[in-house]
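Residue numbering begins at 1 within each chain, and the chains themselves are lettered A, B and C in the order written.
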Amino acid sequence: MKVDRTVAHDLLAEYGALIDMAKFDEWLDLFAEECRYQILPRENFDRGLPAALVLCDSRAMLEDRIRALREANKYNIHNDRHVIGLPRILDEGLALEAPFAVYQTDQEGETRLFATGLYRDRLKISGPRLRISDKLVLLDTFAIPSLLSTPL
Amino acid sequence: MKVDRTVAHDLLAEYGALIDMAKFDEWLDLFAEECRYQILPRENFDRGLPAALVLCDSRAMLEDRIRALREANKYNIHNDRHVIGLPRILDEGLALEAPFAVYQTDQEGETRLFATGLYRDRLKISGPRLRISDKLVLLDTFAIPSLLSTPL
Amino acid sequence: MKVDRTVAHDLLAEYGALIDMAKFDEWLDLFAEECRYQILPRENFDRGLPAALVLCDSRAMLEDRIRALREANKYNIHNDRHVIGLPRILDEGLALEAPFAVYQTDQEGETRLFATGLYRDRLKISGPRLRISDKLVLLDTFAIPSLLSTPL
């Protein structure tokens, strides 16, 4: 292992927790300076179709996207909860895959399953830390009603 | 790390499993002699409102509560399943945060999402073991239909 | 610990991921040559009733079952997502228990909770690897609409 697996665990736990607390600046800081973030229905991925629902291929683009989400969320108020399952640690700790379920709770207090899928991350040693250099969010469905509402 | 992270993992896994098996005496034994257990809607927590849905500030109170639940559950028969996601280990292993989803299955065999939220635990070294000294259950919703039905 | 706990973690993560990717040959390879695989409603288990919904007591039987599932799934097309929660590591790493939730997404793109339950596994050192010698899937419900549709 080039990287201790606990570091990858921590990064994943942090990833979900920061979105759920709406701490988006800290969340952005989990990504490497040069990074890519994609949301792709798994069907497209399985068929080799590259059509992403979301594609940010720099941190600046990711920052823009987060700014837009924050604006949109003034009108669509909800809370997220990421439950991330046991991950597979690959490539000596420099890659991982983890299944996830995201729940949303609206202002009436109703909690619903929002999405399930698989994270496929490539990680990069960045000084004393590990950062995400490539994040592929494989969504189980192509039919997300309000995809813009939250980062996954 | 003052405490090995695997010990915190084990404590969390144990916590959910013992509720799901309705082994409440063993579950109580996960708490330190002096302990606090609170269920709070995250909204209240975020706004600094201390109004807890449940507040037990001693193990004796927690025991009373469990006794009441057992009585109530003679009439409201269901099974729980806690799925606890990857935790963040904080304060050198003496604190942790973990997202959870709890499902309930009723006597007709229907399984439903019951609640999602975040555990925020403070732990305490107690002889050879680690016990929970303070457990804050942040619930994603304030609208729990039958909050008394189960410990979270 | 006879077995490092990370190996048990990996085996569980692998188990769910391989089903979700429909890599059933690799999934079968997680089982020992002599193995047992059972699906049992927890109610039956709690009452000591041995009536299993599924019982394969050799790998050959498990292979047959998988072949039948593949045939059936030509008509019932869906994708699975296993989210496996924190496990309890028992018997020095040679046994484990882990809660799970399985979601299914159909061809219309609708994702639904399919089942929740508990894995109870016995593991066996098999050359350089760890394999499953006995897997008990305790289902929270006896009322699975289409049990044949997927391995759990």
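Just so we're on the same page, a residue touches a chain if its C-beta (ideal position, glycine included) is under 8 Å from a C-beta of that chain, and two chains touch if they have at least 3 such contacts.
Being a predicted model, the structure only gives us computed values, none of them experimental.
To fit its Cα atoms onto chain C, chain A must turn through 120 degrees, a value rounded to the nearest 5.
Mostly differing positions are employed by chain B and chain C in their mutual contact, as under half of the interface residue numbers are shared between these two copies. Separating the CA-averaged centres of chain B and chain C is a span of 27 Å. Counting partner chains per residue, chain B shows two or more touched chains at residues 83-87, 98, 101, 113.
Within the complex, the chain B residues that touch chain A are 5, 42, 83-89, 97-101, 113, 115-118, 140-143. Contact residues of chain B toward chain C in the complex are 6, 9-10, 12-14, 16-17, 20, 79, 81-87, 98, 101, 103, 105, 108-111, 113.
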